[in-house]
Structure formats: structure tokens, C-alpha cells
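Each structure below is given as C-alpha cells.
Next, two complexes with chain A in common: one pairs it with chain B, the other with chain C.
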Partner chain A sequence: MDWNQFLFVIFPYMALTLFVVVTVYRAIFRPFTISSLSSQLLERKQLFWGSISFHNGILIILLGHLLALLFPQSLVLWNSVPFRLYLLEVTGLVLALWSFVGVLILIVRRISVSNIRAVTQPTDMGVLLLLMLSVLSGIITATGYRFGSTWFTGVFSPYLWSILTFAPRPELVAPLPWTIQFHAFNFFILLAIFPFTRLIHIITYPLSYLFRPWQIVIWVREQRKQNEGRS
Partner chain B sequence: MEVKNFDWNSLAGNFIKVVFLALILLFAYYTFGSPSSGSPAATGQEIFDAQCQSCHTIGGGNTVGPDLQGVLVRRDRDWVARFIASPDFVIAEGDPIAMELLEEFNGIEMPNRALTDEDVEFVLVFLEVQDSLTQAAEDLPTGNAAVGEKLFTGAKMLEGRGTPCMACHTVGSVGQFGGGNFGPDLTHVYGRYGEAGLTSAMQNISFPTMKNVYLGKALTAQEAADLLSFFDEAAILDGEDLAESSTNIFWGVGSAGALFLFIIMAFYWPRQSKNQTERLRNKADADSRRNS
Partner chain C sequence: MNVRAHMSMIFHLDKCIGCHTCSVACKNLWTDRKGAEYMWWNNVETRPGTGYPTQWEDQEYFKGGWEKKGKGLKLKLHSRLQGLANLFFNHKLPDLKDYYEPFTFRYQDLFNSPEGKDQPTAIPISMINGKPIDIDGGPNWDDDLGGSGIYANNDLNMADVPEETRQQMQELERLVFNYLPRICNHCLNPSCVAACPSGAIYKRAEDGVVLVNENECKAWRMCVAACPYKKVYYNWNTGKSEKCILCFPRMETGQAPACAHSCVGRIRYMGVLLYDADQIPDAANVADEDLVEAHRAIILDPFDPEVIAGAKANGIDDGWITSAQQSPAYKFVKEWKLALPLHPEFRTMVMMYYIPPLSPVVSVTENGLYQLDIEENNHDFEIFKRLDAARLPVKYLANLFSAGNETVMREILKKLLAVRVYMRRKTVVGKVDEVALNALDEAGLSEHQAIAIYKLTTLPTIEERFVFPPYHREMDIEASMDPLAHKGEVGLGFIQPPKRSS
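This part shows the complex of A and B:
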């Protein structure tokens, strides 16, 4: 067994299995554990700058990857006019950098705010670090190995389909530079740890968040104190 | 349904540790385990130039040792690999092919060059690329440079649905900020490979990164001809290194855009900065002032 076989065939299937089986198990038998456990009431300012930028950036980028997987030829067609290609690539890079700064803020917040540190589990930190590495390797790929939005359709669309249809073609990934291989492998790590960590909150697909007003977590205690003072 | 108090986090914590250790090992593997520069074929050529060239040619006829053109067609790949790695051993074994060669080349044994398995693989890849370059090109139809440019950018889809060249390559005249910088700059590729070499390279794609991407998606003769004449014209226009010099522009625009998004966020912070209690309190204060 060579490394490529392990990294891009065996591990992906292990990751996918864990992702599906444990997520379903947890959703059925531990429904109340599906949460990212908000820490907004402990620290609000850094969370705003980190969380909003990270989440919006990463969600749109993830959607982009998904579209490239589902409609590769449409993407090639869009990219066939150089201006549109540059527009797409630059938009991706903007979102990636936005998201990268966001995840860095979240990491700093986890380490430097003592209240947050107190409620931080190892997995919270691990998830943040893996996401940081994922975005970082993505940024390096987007700038150093242009133009990913087109070559993804020739390399990763067929590779990912080959995995999903149980006819793996890891040889597509084998000759790529290690940064890109890392970016792909890191995704499978995230997939594997998904059901064991706060990442699980993604399955609540809170689409209504996009349209509802901000939800602010409040201290009930403070309000009571205030009332007592007034009465 | 009873919700059991199961500690997911400690389970996952151990898992994370394992994953991190694995990651460190992976980093070490990739950092120290593979050569730092160049494509496999380029590394192979470096090794060939330094270690093999004094006795072997590729297509230049036999000298001290045999001409290696087409050696991977004549011989089994594993045999060649074994012979390059340890010729002394293969000869000592009395291998029939080795014996025959020894006789043909006046009993001069090939010295063991002490190449690692990895180096041998690089040399083999280099020889394979050379082979694909020197295969005689078929007679091509007449090419059209304008069509070639469309094939390059993807404006005209390749018949076999292969990925357009611009995904990874640039040619001086394409687009304001050039094509991709993943693969080599192709502005002067026509001059470097020559017509026959370039045609063959496009029709039998054997570069390691491209090989599997174009598997079953070969270019038609007409497409190769169109691209060929596009590359021919591009060399005259020049503008090499456009893609490489655009990298800073991408970084600049990307950073500016991200900064812009943070500035937009700043306008939303005042609304976010107060929690619901403070808002209610402020509102109550304002109401009481108005009523009093």
C-alpha cells in the first residue's frame, strides 16, 4: 500500500463512514448534543469580528467547491472568458482572506480570553486549527497554483466522483503539489471529526439565520439585579 | 427518549490528538521525503545530465553505452529500473539481456551510479517524456490560430471534454492578467519543443500531472493543429511571465477586498455591540424621559 492509496482512498472512505454513521447515530440518540455551544454571552466583540467573517466567507467558498463538483462544465464555460475567470478567482480569494482573518481572530479569542478558555474543549481548538490550515492551504493554492476554479473540474471533480461512485482514481491526485494534496486530505480529516466536534452544528442548516434579526444571548441575572435596584 | 450523559468531547479529544500526530508525520514525510524543486521530468533530466550523459545519448546513436531512445519501448520498465539502480548486480546475476549488451558494447560494464529508487524513477519519467516527444508526429491538418486561442481559454470546448489549457498555463497574449501559473509558461513552448515535439506532446500527453487528467479525453488532430498554430503565433507576440507577475495583483486585490468587507462589518458593529438588556434599558430610559 502506498501513501497515495492510504491518503486518498482508504482514509476518505473511513472519513465518509464516520461522517455518515456517527452523525446519524448522534442525531437520533443524542439529539440535544447537536450544538456549537454559543459563547457569545462570555465575549461578544471578538466573536462578532471573527465569527461573521469566518462563517460568511467559508460558507460561500464551500458552496463554490460544491458547485464545481456538481456542474463542472458550467464552471469551465463561465471561466472561458478571461475577465469572468479573474472575477471569480479574485472573489474567491477575497472571501478566503476574509475568512482566514476571521478564523485567526477566533483562535486568538479562544486563547486570550480567560472566560472562553474556561469553556474551551480540546476539540474546539482542534477544529479551529484544522479550519485555519484548510483556508491557508486554499489561499496558497489559489495564488500559487492558478486557476483552481478551472483545473478543479479536471482533477477534483472526477476524483471526488470516483470516490462517491466507489471506483476510486487516486492517481489523479498523486502528482499534485503537497499543498494541494494537504488541502484535500485536510477536508477528509474535517469530515472524519465532524460528528465528534462542534462542526456537527452545520447539520442544523440554519438557513433562517440569513433572514432573521440578530439573536443576542443575554444575562438574565443582570436584568434581575437591575430590577431589584429599581424597586 | 433518555439523553445519556455521554462525554463526546473526551472521546473526540483523543481522536484529535491522534489526528494531529498523524498530521505532523505527514508534514515530515512531505517536507523531507520528496525533492524540493522541479517536476519529476526536470529532476530526471538533471540526474541524466550529471550521471548518464557521458556514456548515453537519446536519439544520438550508440556511444560508450546504448542510445536510450525508446529504451522503455524495447525493454520492460521494471527491468530498466532494476538495471539503472544496480547494473553490477544484474550483470553478476547473469541476466540474459545484460549479457547480450555486455557483448555488444565490448565488455564495458555500466558502473553503479548509487542512485536511490526515487532518482531512478525520475530518470525513467524523463526518458518517457523524451520518448513521447520524439515519436514522429502524424501529418496534421492545417491549424487556425484563432480557434487555437479559443481552445486554450475554453471558449471553444475540447471535443473530448478535456480541461482547457488556461486552467494551468499562460501564453503571453492571453487575457489581461495571463493564464494559470500552475504549469509552465507556454509563450515560447513552440520554439522549445519544435513542431514535431509539441504536436506529439499534445497528442500523447504523458506529463505526470496532466496524464490522468486527459485520460480518455485526448485532443483531436484538428485541435492539436489549431493549438500548434496558436502557440506558433504567441511566440512572436511575447509577453512571457505575465502570469507570474500578476500574482501580486491577485494578492493586492484580494487583500483590498477582504479589508473592504471588514470595513462594511464595522457599520454593523454598533447594532451588535449592545445586548438586548441594554437595548431594553435604553428604550425604557428614553420612554420615561419622554413621559416625564
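This part shows the complex of A and C:
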């Protein structure tokens, strides 16, 4: 077994297993522990600049990665016109820089505000640092190895599909420079720690709010009847 | 008609002495925990004053409650899409400074300090980070105006009180305050429920208690911002929202909530109100001046056969209906029309009601002397024509309890004064005269009613103040397990019991 095998086959599968199994377990059996753990009440000025820029930036970029994974052909087609390629690359870079500034503010806030330090777990710091490294290595990749939005479709789309379809092809990522390899591996680390940290709040994004009635009224008695019917 | 039952509390403000016993009882029972120190599910405010959190009534700033827009009601806080967009930063969440940073004192310093010239002191430290802090606020720092008129001047309900009256209220001899105890209002149209993106907050249909499901809560904090009464709090330690639970574990076992039970002035009453759930959307959507009337209209008469049939159709049992018929809440809110909702203009349809306070004796200062403002030969200084000279302006009380509708407020104050005049004639003078009967007549009360109001106000027993319906917890237990087995396990408690047989 070589390093490439471990980093891009064995570890990804470990990470995915943890991600799925522990997330499901925690969501079903430990729901009280799942929270976005907001600290806005204790400090709001720095959070305003940090949280909004980080969240929005990273959200759009992640969505971009996902689209590149799902529709590689369309992306290549889009990029065939230089103007559209530049537009995509510049947008991505700006968003990345935006979220990088955001995550830096969040890290500084965690360290410098004493009320925030009081509610900071080691894992909170770990998550922020890993995210910072992830965004940083992404920025280096985008600027140093152009144009990511095109070669991603030839390297990472097939590689990630090979992982997801249980026919791993780690040789696809073997020749890549180490910064890019790190960027990919770091993602699997984040995936592995996802269910053990506050990252898990991502799965609780309340899309159902768009559809539910305004008021929620529960007849405890009727629930009881339903329970009786079930047992 | 969709009949539902509600546990409602009445606050008789004339009897409140502002002692905070309710707040302390509640704190000891529910919020004496890390992350909950700053929460006052029950608090008592001095009025005129700014309240807790500071200026919570300013919905232009806090965006709590509902507003009429077009044909319907809209949350003042956000639309559904805005709600999702603001998850990363909740722009209208109050700051800790709007409450206060919880503090304690380093008492160990009193014992551990090295020997020196001065007496050691216990310095204040933050309960969040443990570091020394300068305390600049507390839960009741506005108590009795905290030695300053600033609190009273910043009371939003004073905004449209004439300048002249405000000046008069500043004179020491005219200075007046009353107390306003507040808990969660367990609204019929709660904006916290509507604002929660996770759908974690719900209203119990059986008794109307509004609860946060702590398993569902994901700390988006929209409830805190959307509640116009600022009665949902965010626990900074657990990352979950918390609020007054109306002591439902106590009510289910026939006990009054801790705040009501401990009340020194016995100002609180509790009982069942039956209401028509179908009418809520319309009642919340009328013009400001009609809000009180619309609110009263959805409370149903528990003696009406149609209402009783409707209640039974919804599974409300006889015990609850009987309880609703004896309910002091029904008498005060609907029968005598004495109790009003706090700030009905927030349109959340609150279910806790207040009987407004009568002003202290009207007085003036002349040549530096303190004088009662009464006529030479008529000592009935409480007769209605003096209402405008009352030390608590009617406009002010109307801003608090009837969305600015002075007519509603005058009717109630007249009734309260008429009962007082009548009972004074009866017990002090010894006979009821024309003046007293005219007063009753003008207030629209019969002698019989006046006596009933007097009795329930001043002489009620604990059973008359708190009329609790049978919750039948034993039936809940029977549905899921053997009651005797349950009895044996009570007190130990399993969060996740072992399953070794079916």
C-alpha cells in the first residue's frame, strides 16, 4: 500500500463511513446535541463581518464544486468561451477571498473575545483552522494552477465518481501537485470530523420553513392515540 | 366553531407591590443554570420605565410581533425567504447589553486575601468568562426608577402623553409608578412559533402552553427576535432557545405555577378560557382600536350549550368544562370585562391578562404644600370626572393595555372606581347612598356584580384564585405503561431505557 492508496482510497472511505453512520446516529439518537451553537448573543460586531462573508462565500463555492461534479460536460461547454471562463474563475476567486477574510475574522474573534473563548471547544477551533486551510489551499490552486474550473472536470469529477461508485481510481490524483492534493485530502478530513463537531449543523438547514404552516398546534392527546394505535 | 381550552393567568395590578418574589420563585425552579442566568421567564418592571430587556416594546427596532400588510398579517421580522437568508447573522437579535452580562462575586477573596491594611472585598466577576467586570446593568436596575427619571422618560408608552402631563409626572409629589409583572403570554397567534425556521416551537392544543422542542431547536434565534415581548431567551451555553413553560409540570399535577403560587400580593389568578380557534386569524387582523373587542369576542361562554357541545366534539372533557365555568379568568376577562391583554397591537393574541391599576389619590402642590385635589364639600375624589387628573394618565394605560384605545380603558377604570366607592359606602359609611348607586349605574355594574368583583379581588381563597382542571396524567401514563410500574420508576428516570423484552 502506498501513500496515495491510503490518502485517496482508504481514508476517503473511512471518512465517508463516519460521515454517514455517525451523522445518522446523532441526528436520530442525540438530537439535543445538534445546534448551530450561535454565539451572536455574546458578540455581534465581528460576527456580522465574519459569519456573513464566510457562510455566503463558502456556500456558493461548495455549490460550484457540486455542480462541477454533477455536470462536468456542461461546465466544459460553458468554459469554451474565454469570457465566460474568466467570469467564472474571477467570481470563484472573489468568493473564495471573501470567505477567507470571513474565516480569518471568525478565528480572530474566537481567540480575542473573552466571552467567546468561554464558549469555545477545542473542536470549534479545529474546524475553523481546517476550513481556513481548505479555503487557502483552494485559493492557491485557483491562482497557481489555472484554470481549475476546466481541469477539475477531467481529474476530480471522474475521481470523485470513482469513489462514489466503489471503483476507486486514485491514480487520477497521484500526479497532482501537493497543494491540490492537500486541498482534496483536507476535504475528507472535514468529512470525517463532520458528525463529531458543530459542522453537523449544515444538515439542519431548515428548507422546510418555506412550506410549513405559520402556526404549529399539537394535540398531545391525539399523539397519544396514535401511539396506542401503533403499539 | 373550533373550541379549544387555554390556561390563562390574570394579573391584578392594583395588588402588585413589586417585590419580585415571583421572579425569584421562577428563577430558583427553572433558570438557575449555566447559560440561563440572564433569563427571567418572569420579571417585574417598574412603570413608567423601560422594562427588560431595555425598551423591549420598541418594535421599530426589535421587529417583534405581526403587522397588518395588505389584506393579511405579516411577521414584522421576516418573510420566509428572508428568514432563511438571515440564518448566518440574525440582525434583530437583542445584544447581551440589552439584557445584562450575568455576574457573581468572588466570595473566596474574602477568605483567601493576604493580610493587609484594608478589609478584603468580593469583586464582581462575569458569569460567562469569570473575569472581573464593571457591572453596568442588572435584571431590575430600573426598579422604582432606580433613582432616576431617565427610565420613565424613555418609556415608549409615554410618547403620545401630552407634554404638560409628563412634566407633572416629574414633580416629586406627583411621581407615581406601578409594577408590571410579565411572563410568556402563551399567545394564540404566536410570532415565535411562526418565525422558527426549524419548526421547533409549538402550542399545545389541550391547554395552550407554548413550548420549545429542545431537540428540534437549532439555534437560529429567530424566536428571540420575533417575540414582541422578548420572552424567548437564547441559552448561550446549550445553544438552544428557552422560554416560560407556564410550569406545566405543576399545572398537570394541580398546582399553580411557581410565580403565581408564591405571589405575596396574591395578584395572580388562573383558570381555563374556552376560545374559538377558527376566529384567530380574523381577530388578529382588525383595526387597532377594535383589537380588544375582537380579542374578547373569541373567548367563548362556557355555559352556552353550543360551546359545550363544540368543546366535547374536540375532546375537551367535562372536568375542563366545569373548570372553565368556575374560571376566575373568564369572569375578569369576559363577564366583567376588567382584564386586558398587554399590547394587543402586537397582534399575537396574548392569553395572559392584566387588570389595570387605579392611580393613587390625586393631589397637587400649592405654595409648597401637599394637597389633595378635591372639592371643599365633596370628598369623593375618586369620582370619574377626576380620571383626567389621575396621576397615571389614562392615555398611558391605554397605550399599555388597549392599543391606545382610551374608551376601553375609561370603562374599566370607571368600574374599578365604582366598586371602590360602593364598597366604601357600604363598609365605612355604613349605608349605600345615591352617589354610590349612580357610580355603579354609570359604570354599568349591578350591586351583585360589584360585590362579586370586590370579593374576588380582595377576599378570594386559593381555590378561588387558582381553578385548575383535571389533567388526568394517570390516563397518559396508562396509555404507555403499567401505572404501578411507572410509580416504581419515578424519580430514577431513563432517557434511553434498556429494551430486553417486548
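We adopt the following convention: the second predicted complex is superposed on the first by the 205 of 231 C-alpha atoms of A that agree within 3 Å, B and C clash if a C-alpha of one lies under 4 Å from a C-alpha of the other, contacts with A are read in each partner's own complex, and residues count from 1 in each chain.
Keep in mind that, in the parts below, contacts are C-beta pairs under 8 Å (C-beta built on N, C-alpha and C of every residue); 3 or more make two chains touch, one makes a residue touch a chain.
Here the structure is a predicted model, which is why all the values come from computation and not from measurement.
Using the contact criterion defined above for the overlaid structures, shared-chain residue A:52 touches chain B and also reaches chain C. Touch criterion met: A:147 reaches chain B, while chain C stays clear of it. When the shared chain is aligned, chain C comes close enough to touch A:42, but chain B does not. Looking at the shared chain after the overlay, A:71 reaches neither chain B nor chain C.
Touch criterion met: A:32 reaches chain B and chain C at once. Contact with chain B, but none with chain C, is seen for A:101 once the two complexes are overlaid on the shared chain.
By the touch criterion defined above, A:6 reaches neither chain B nor chain C.
Of the two partner chains placed around the shared chain by superposition, neither chain B nor chain C is touched by A:161. Within the superposed three-chain model, A:117 lies in touch with chain C and out of touch with chain B [touch as defined at top]. Greater residue coverage of chain A by touch, when chain B is weighed against chain C, goes to B. Overlap of the chain B and chain C contact sets on chain A: residues 29, 31-32, 44, 48, 52, 214, 216-219.
Contacts from chain B toward chain A in the complex involve residues 1, 3-4, 6, 8-9, 11-13, 15-17, 19-20, 23, 26, 29-30, 34, 40, 153-155, 157, 161-164, 166-168, 174-177, 179-182, 208-209, 211-213, 243, 247, 250-251, 253-255, 257-258, 260-262, 265, 268-269, 271-273, 275-277, 280-281. Those residues of chain A that touch chain B in the shared complex are 3, 7, 26, 29-33, 44-45, 48-49, 52-53, 73, 76-77, 79-83, 85-86, 89-91, 93-98, 101, 121-123, 126, 130, 142-147, 150-151, 153-155, 169, 171-172, 175-176, 178, 181-182, 185, 189, 192-193, 196-197, 214, 216-219, 222-223, 226. Contact residues on chain A toward chain C in their complex (touch as defined above): 29, 31-32, 34-42, 44, 47-48, 51-52, 55-56, 114-115, 117-119, 201, 204-210, 212, 214-221, 224, 227-228, 231. The touching residues of chain C, when paired with chain A in their complex, are 75, 80-81, 83-84, 87-90, 93-96, 101, 126, 128-131, 189-190, 193-194, 196-199, 201-206, 214-221, 234, 236-240, 277, 315, 476, 479-480, 496.
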